[in-house]
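You will see chain A twice below: alongside chain B first, and alongside chain C after that.
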Partner chain A sequence: MNVQRLRFFVQLISFVLLVYGGSFAFDIGGKLPTFSCVFVDSKGGGCFLVSLQHQLARPIWAFLGGAGLMLLTTLGTVALFAIVLNKAWCGWVCPFGFLQDLMTKLRNLFNIDLSRFSWITSKRYRSVKYIFLAFLVLVPLAIGNLGLSREWTAPFCQMCPARPLMPLLEGNFSEFFIDLSSIPGMILTTIAILLVGLFFTVSFIKRRFLCSYCPMLAFLSLFDKVGLLSLKKDGQRCTRCGNCYRACPMEIRAIEEEKVKKNLVTQDCILCLRCVESCPENGALDATFAGFSIFKASEEGFLKRQEKTIGESKRQ
Partner chain B sequence: MRRFSLTTLSVLAAGLLQMVPGSITNVYADDSVIWIEPVARDYGRPWKKKTADPSKNEKHIPRAARSDPRERSGRPEGARGTSSPAAPKNGDAKAAKRRGSMGHAMRRKRKTYLSAGVFPRGAAGQSGPYLSQTRAWLELPDNRLMPLKLRKKRGRYRLDCPYGTGGVYRLISYNGDHVQNGVRQHLYAYYSFMAHGDKPDKKPRKQSFRPGFQGGKPKLEIVRFYDRERHRYRSRAGHKLHLRVLFNGKPLAKAPVTLTTSKSWQKRLETNEQGEASFTLIKDDFQRGVLNKRKSTLYMLKTEHRENTPGDVYGRGYDSEHYAATLSFQVFPDNNEWESKRIAFLVVIFTIVVVGTAIGIYRMRRRKKA
Partner chain C sequence: MNMQEQIKPSKKERLANKVRVHLDMTVREIFDGLEEDRTRPEHMAYFDRIFKAFIHGGKDVVQTQKGQQMVGTYCVFVPEELIYACGARPVRLCAGAYESVEIGEDYLPDIACPAIKSEIGFSVLPILDFYQKCDLVALPASCDWKMKVGEMLEEHHDVHMLSLPRIKELETSRHFWLEEVKRFKQSLEKLTGVSINRKRLRDAIRRIQRAQIEVHRFQELRKHSPAVIHGRDALEVLNAYFYDEVEAWTEALATLNRELEARIANKQYVAKPNATRLMLTGSPMIFPNWKIPTIIEELGAVLVTDEFCTSGRYLSDMVSVDEGTLSDMLHAIADRYMLPCSCPTFTTTTERRDRVLQQAEDYQVEGVIYHVLKGCHPFDIEMKTIETALQDKGIPMLKIETDYAPQDIEQLRTRIEAFTETLKGRTKKA
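So, the complex of A and B:
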């Protein structure tokens, strides 16, 4: 089975449904743990971070009543989604992630080499997503309780690169701006526009560049251990060839180095299953759903895929 | 001295005109209407609990009370700041029963004023029979009508709409019991608002309220259409306003439609064969100093229709019926006043050039080293 081809089609379908679904009456609500921007008019589903930020901007005592119930409903729905698909929301569903994958395909077309950060550098910059997560939780709470200006409302949405970028896909330029009405608005929207600039440049040298900073990934990592979809490793069978590390778009070194831990869904893993596909050792890596194996690394499969790739490159 | 004389004279003239029966400010003249306007909401401050100490409550005056001179003047001093923008009253047992029978948890409340006269400076707070006898209904997202109680609060007529589930709500008020000079006046006022939250129920629950109008539907209606669904939530200067005028549920051709802004600027159009007309919302509020992007002004659409059907109401005969409907809505400043797309494009191009060049130079150096 060519998992990456399947993943591409799943991503394409989810992209069409989540970005243009509203045009043909498709709507799965606004509590999805994926970057389906709510500022797209024809969206078929919305990112839950918007409602979370709005629901958190209330006084603490309000959470004892209806506001608390609403917040619990949001978190409960997201938890349910996260438990079922785990981080496959990022690797298989996220429309913004799909855009980054398309940029990677464009990079392949131009034969531009990839760049890798050093281990220490990548470890440092990956922690930025936790800062973003803390920011999007604490700022709304400060608005509701400490009297912080309403200009900080939905702070992450204001600085999210998906907000100016995703509406462009339906020809809508209304979100592509820098807000000059207030200092917080100016700072946050400038960050968003800078991230758009980085998206168009760094995507040509790094795969899934913006996913490393995504607070959604940080939030979903809370459900790593309870998610039904998981990635298992048999350390005894691993030969540390490094294929999995080279294939990983998130450059997670633990896939190669981990020997003892069985669950390999790390904080940055997006469950794209490229590592399983590139592993030549029988049963060294195994993607499971509720304990049942759904895709296992095998020498036979690896060779088949290699032959196919070599054949395709010869034809080209 | 000059200012005093001009202002005073105009106020005196307006006051004298109001006393003259049949003058332009008479509520039953053809240009008199009823309209609904929202109570301005406080966006600037976080909600704070009332304290027992009234001097502390003084500090939390809602912006509405500060900015609206009519509200300020109509309010007794001691009552300042004692109203909370979000707290529903729980004491009314009947209201609680009504909330329960609707099947919705109607916790939120949209507060509006009902005004009459000539827009925008109407006879607000006037205690005439026409306002007190006006009836009002709230049309829920599932098309059911919920009767509303008109209350007089601080000298103005208030309509408070409790609502719960998300969707589009329409506030309808109607006054049709009065006959003046042999003409029966039917005055309709519409105001719609969108509530965020869960989707409305697909299956209408048990009909627990009587339909409001004779025949179930208002006779003269103004229905608004939107270019984008988002515009329904917030109209801004520059947006297109599409409307259809319906009489007895059918499109009304060649009906005069007037758009009036809060600064009295007017534009008059006639509906086409499909009963439709379109306006572009102009900027009406030129704020001084720092722009407040959340400050809205009220615009009003008005349409009229006359039917030569004689009849009588409460024993008073009439020769013809005059229908007037208004649709009021808030208009916010245009985004382009504070959003810069040009700077955004420049920042993106600058980032691409700088980062791209930096990557290129870095790679070239590394290659040379290798």
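So, the complex of A and C:
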């Protein structure tokens, strides 16, 4: 089984369903833990962050009643989704992540070398996603309780690069703007456009660059330990060859360094399973669902992947 | 110190002749003994031929094409992919001959390991042809002995020293090592006049990977119980890679693998089903220093696996190309030669400990013999950690400290025999 090909097709199908599904009456609701932008009219499912931000913009006491119930429904639905697929939402479903993977394919086509942040840099900026998560929770609460201007409504959506970018996919340029009508709007939409710029430029030197700072990843990583889909490591079988680290689009070092811990779904992991595919040690890495192994690292699998990158190397 | 003066030409010639005669005798003795063994696989003949060529100055050990540059390498850190990519031919010079140790003793302190003494011996005296013919010698500064030997070799060869970081977990070490690999690439390009491009490097990686696939298949066959090949023969096969051209060697090993598969199908084994399954680890064993494996198998035990940098471990980890650009491939090569390497010259023992434990598990090993060459401190230091880890798994370990000299063979035989006897006692009790 070629997992990366399978992943590509799953991503492609989710992309089509989530971005264009609406036009053929596909809709799985607006409570998905993935960047399927609600500003796309033909969407087949929407990112839950937008409802979350709206639902949080209420006075605290309101959460004791109906508003609280609505919030719980949202969070409950999302938690359920998150527990089943864990962060495969990022690696296998997210249409915005898929666009970044496509950019990587384009980069590979031009044979442009990959570059990595130094370890200290990538560590330093990893917490940015938690700042974004706190921002999109606290700002709506401040609107509801501290009288912060309504111009800050759904603050993350205003600064999210998916908002200007994804409607372009259906030929809609109306979200591609800098809002000059208010100060908050100006700040947030400028950030959005800058991030779009980074999306197009940094994609030519890095993989999944924006994902490291995504608040959705921060939110989903709350379910790392309980997710049914999981990534396990057998430390004794690991030779620390570093193949997994080199294959990892998120530049996660723990995948290579960890020798003791079993669960390897780390903060930044998007469960793309490239590490499992690049691991030559039988059973050192193992993707499991509800405890059952679904995809184990093997020498055979490793060689198959090598055949694809450097040509056949069959037994004589 | 000027070595040219130390040994005068005529004396040098005489000495070289003397060593050569002794080496010839050792080689003949080994193969006379082996020819009596009728259970050996037929295709061992190919590998025997390489080692038999060590007699008469070893003119046929390494066969190069006309005009092909020869690059001598030491240790497990010199990227052969780069050497093949520029059309040159790597030859690993790590040596195991007692006969040349004596010569090396003139240049090194007493406590230096016999391997380095033997290597120096072959380099300074014209004993073996291929040591003299190297156009470049690539020498990683892996242990203290290797570190200083480069300077001594410089009088005889062009030497490219590779500086090896010791703490491989660090980011700086990885950058540094990658730069060292690139510097070696430049050195090779200068030597051969060939510039290594993407296609050349990819082809070289593939060629070596093919050899490694056969090695893995071979190791898989060795897991069979009862054993289908002697451990000494396996050491020979893998040791022969030092001197042979990678494709020829791969083909020979593939043929041997097919023979072994057929032997398993015909239930034709080299050891009894109840033979004690032993594993060797520690300082490297290099031809003709096969005294311990020979003793083990003369005692009726079977050497099922070994963890030596001169044997399977050398060819076990593969280059993993990710995106396929030239810089990605260089990165992959640098990683392959340093990161999974379980050489005790690095600060951590974890990799080696786990490798030994995993191997002991995979090959159903009953006891481990830990080989320390006198003066090989890195392996000596790690001994305790490995012993404790094996003890926790209930696997007994015997430490043997020796050198290349044949004098202690009978003493070793007694110790190994006692060890296998206790192992047999254990299995009966269990």
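Basically, the second predicted complex is superposed on the first by the 309 of 316 C-alpha atoms of A that agree within 3 Å, B and C clash if a C-alpha of one lies under 4 Å from a C-alpha of the other, contacts with A are read in each partner's own complex, and residues count from 1 in each chain.
Here is the rule we use: a residue touches a chain if its C-beta (ideal position, glycine included) is under 8 Å from a C-beta of that chain, and two chains touch if they have at least 3 such contacts.
Keep in mind the model is a prediction, meaning the values are calculated, not measured.
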item: Fit or clash - chain C, chain B, common chain A; value: fit
item: Touching partner for A:Leu114 - first (chain B), second (chain C), both, neither; value: second
item: Touching partner for A:Gly301 - first (chain B), second (chain C), both, neither; value: neither
item: First (chain B), second (chain C), both or neither touched by A:Ile178; value: first
item: First, second, both or neither for A:Ile193, with chain B first and chain C second; value: first
item: First, second, both or neither for A:Pro164, with chain B first and chain C second; value: first
item: Chain B versus chain C as contact partner of A:Val202, first or second or both or neither; value: first
item: Partner chain in contact with A:Arg150 - chain B first, chain C second, else both or neither; value: first
item: After superposition on chain A, the shortest CA separation from chain B to chain C (Å); value: 8
item: Interface residues of chain A shared between complexes with chain B and chain C; value: 113
item: Complex interface listing, chain A residues touching chain C; value: 108, 111-114, 118-119, 235-243, 246-247, 257, 259, 278, 280, 299, 302-303, 306, 309-313, 315-316
item: Chain B - residues contacting chain A, complex; value: 43-47, 49, 105, 107, 228-230, 291, 293-294, 335, 338-341, 343-345, 347-352, 355-356, 359, 363
item: Contact set on chain C toward chain A in their complex; value: 169, 171, 202, 205-206, 209-210, 213-214, 216-217, 250-251, 254, 317-318, 320-325, 327-328, 331-332, 335-336, 339-340, 342, 350-351, 354-355, 357-358
item: Of chain A, residues touching chain B in the complex; value: 41, 58-59, 61, 66, 113, 115, 143-147, 150, 164, 173-174, 176-181, 185, 189-190, 193-194, 196-198, 200-202, 205
